[in-house]
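Just passing along the structure, written as structure tokens.
Here the chain labels run A, B, C and D in written order, and each chain numbers its own residues starting at 1.
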Amino acid sequence: MTSDGNGQEAEEELETPSGKRITALADGVFAIVMTLLVLGVEVPQVPDEQIADRLVYEVLLLWPRIAAYVVSFLVLGIYWMGHHTQFHFMDGVNRTSLWINIFFFMFVCLVPFTTQLVGHYTGQEVALALYGANLIAISLMLLLHWHYAARAELLNPATEDAEMRNATRQILVGVAIFAAAIGVAFVDPRWSLLVFLLVPVLHILPGPIHLHWTR
Amino acid sequence: MTSDGNGQEAEEELETPSGKRITALADGVFAIVMTLLVLGVEVPQVPDEQIADRLVYEVLLLWPRIAAYVVSFLVLGIYWMGHHTQFHFMDGVNRTSLWINIFFFMFVCLVPFTTQLVGHYTGQEVALALYGANLIAISLMLLLHWHYAARAELLNPATEDAEMRNATRQILVGVAIFAAAIGVAFVDPRWSLLVFLLVPVLHILPGPIHLHWTR
Amino acid sequence: MTSDGNGQEAEEELETPSGKRITALADGVFAIVMTLLVLGVEVPQVPDEQIADRLVYEVLLLWPRIAAYVVSFLVLGIYWMGHHTQFHFMDGVNRTSLWINIFFFMFVCLVPFTTQLVGHYTGQEVALALYGANLIAISLMLLLHWHYAARAELLNPATEDAEMRNATRQILVGVAIFAAAIGVAFVDPRWSLLVFLLVPVLHILPGPIHLHWTR
Amino acid sequence: MTSDGNGQEAEEELETPSGKRITALADGVFAIVMTLLVLGVEVPQVPDEQIADRLVYEVLLLWPRIAAYVVSFLVLGIYWMGHHTQFHFMDGVNRTSLWINIFFFMFVCLVPFTTQLVGHYTGQEVALALYGANLIAISLMLLLHWHYAARAELLNPATEDAEMRNATRQILVGVAIFAAAIGVAFVDPRWSLLVFLLVPVLHILPGPIHLHWTR
């Protein structure tokens, strides 16, 4: 919408309001997806006459659902921060970058479904593989968005190459761990969720994975 | 609320905060509707003793729901961008335009229901027709909003006639395709969802449909 | 937090960010409540062998739920606009006004429940009475907020008495109609929902009810 | 991201946009969690032929769910205000404070589950204890965030020690009451929910608990 017309990239670039609205949509989507995860932790239905005997036991049986809830919540926290960091470095958006965002959201919004699948069928490699595939798809959309933004010159000029390399490395480390977790699911499903948990643990512990925060 | 009183339109016009709150409501509504779509993709309930045999099969049976999810998500992405583009060109809102927005949201919020209907009864022309009618109603509200805003002088003066013609054309192309998809549903329901998918495909591919982005 | 300390009211008054966050919460709450209404319109479960015969019929049977959805959606639109108008005239919030807002939201968030009750038990006066009571509670919270804001000097000084009288009148007209709808429910439940619908109709039609928009 | 590099804290500090996005996420999360609470108040399923006799009775049977809804809604209102007050005094966020927020949200998002548990099994000490544990976890995250923000110099310099002491005291009073409510649950579950209700009552009544509002 800029009228100075300095080249193809500028022609498609929108001014800041669009960037603000895509982050507003992102904050909304993440807030809701995080909150909907809890629908996967269902209140156990215990018949009245058995409550005294069985309620504690039934609540304890919820642990795989709670575990899936925790892993998904923390991973979504990472993606939210990743998206947030990305827009910190962006000057504008264009039609293509908006569509990459929509596809990113489309995979993010599937997380409550794949999380419920894992919570319900914890020991099943199919459930764990679909969950891993979902997370990998989100990661790849985020990576695509970084690289498209760089190529289309949507990043602000002060963004250093080190930022890009660091973001790329972080995302790929996540993808590698998720792939490993899928692999582990086919060997021994019991350990798979713990491998998934490795991603938030690596992000929470201070260390080389968040070089760009400690520059 | 302006007190300069230059004519009937200005009398009803609100200043920007109202426009900001309607877009905040819009971003919220779209974020939630997009996220609620996933509730239509239910985790299959497979008895414990049959999990090993049937889980993969049951997950594959979810494909019509996944397909409906994808189509609705992308179509909502288009409507979100359309609404976003519209407010980009608007200087203010008035009571009538707020009500058009409320009706627009009312049809947008029905999408999770009609999407579930299609996901559940994929082969049924009634489900597909209701889905198409829902999408057409949203499109018509968006169109009405453009034309009302132009007539009530709520658009900013720099908005060119070409913008309006282009937006009108885009919306009407969508309506025509949705109508065609309803028609196809009564001939052979299996192809109908693919016709619906044509709308996001046309919007994602670069081409004459988004003239106003590449001006 | 203001330090000029001109009397008791100023002491408790917060600066604008608080007002911005309460409107952000309001926009979020309204967006979600409006969207959750659709969960009351459930996809009918028709056995496979009866789909061809019964799906259309079952969809038609949804009409009371659709009617309840439409009435609630439009009434929520009115409350959203009312809340929005109110904050348009407010300079700040204090602890008491925040709590009135929380109670306002508490009743707004019950609307999906009472709407489902009416959609499910359309002909039952109990359901309609609870629905009406819910809407009246919301109205009274809005009224309380106006009058508290005026008394605590949270309104901006330019707010005229005519605004207050007009807002009060609008809210009380709504309360009277809702009360009438409850009364009608006990005489003949079939007409009750139409009486509820009178409120959005009166707000949408141009007329004396929105004097303050056309001043 | 600041480049003046005055010590370790500044290195990790982000500028305001991050703070704005975390509050946007917070407003979204609270709006949704508050709204999802209503899903715990399910419409009773009464067979057609028994509606006339039993609907009123079945609606009255919902009272424990309504009570749990009210307590949770008001407690969430307190947490929302607490979070809001905190960010009022903060100048920026860093990686660690963002993660404390994510864990805070993770416990907030569990509230619809624990509330449903209490609504469903009102008389069961296990349900009440889990509910109390959930609320205590939220409180402790809020407390941790205050103290971390103070230590990492993320609070604005004008924040007085009295603010911190007051916030700490308020949170600890809440924790003590929730702990007492858990204790009461094991003695006589019928009184436990009333003890929980004490927290919102203390916050709503004017008194020493909100010293920092009346400074």
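By definition in this document, a residue touches a chain if its C-beta (ideal position, glycine included) is under 8 Å from a C-beta of that chain, and two chains touch if they have at least 3 such contacts.
Source: prediction; values computed, not measured.
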Given over half shared residue numbers means same and under half means different, the chain B/chain C interface is different
Maximum distance between Cα centroids and chain D occurs for chain B
Chain A onto chain D, same sequence, C-alpha superposition: rotation to the nearest 5 degrees is 90
So, in whole Å, the Cα centroid of chain C is separated from that of chain D by 25
When centres are defined as mean Cα positions, the distance from chain B to chain D in whole Å is 35
Shared-interface residues of chain A (touching two or more other chains) are 24, 28, 31-32, 39
Within the complex, chain C is touched by chain D residues 23-24, 27-28, 30-32, 34-35, 37-39, 41, 43, 46, 51, 55-56, 59, 69-70, 73-74, 77, 80-81, 84, 88, 204, 210, 213-215
Listed in rising order, chain A residues that touch chain B in their complex are 1, 11-12, 14, 17-18, 21, 24-25, 28-29, 31-33, 36, 39, 94-95, 98-99, 102, 105-106, 109-110, 112-113, 116-117, 120-121, 124, 126-127, 130
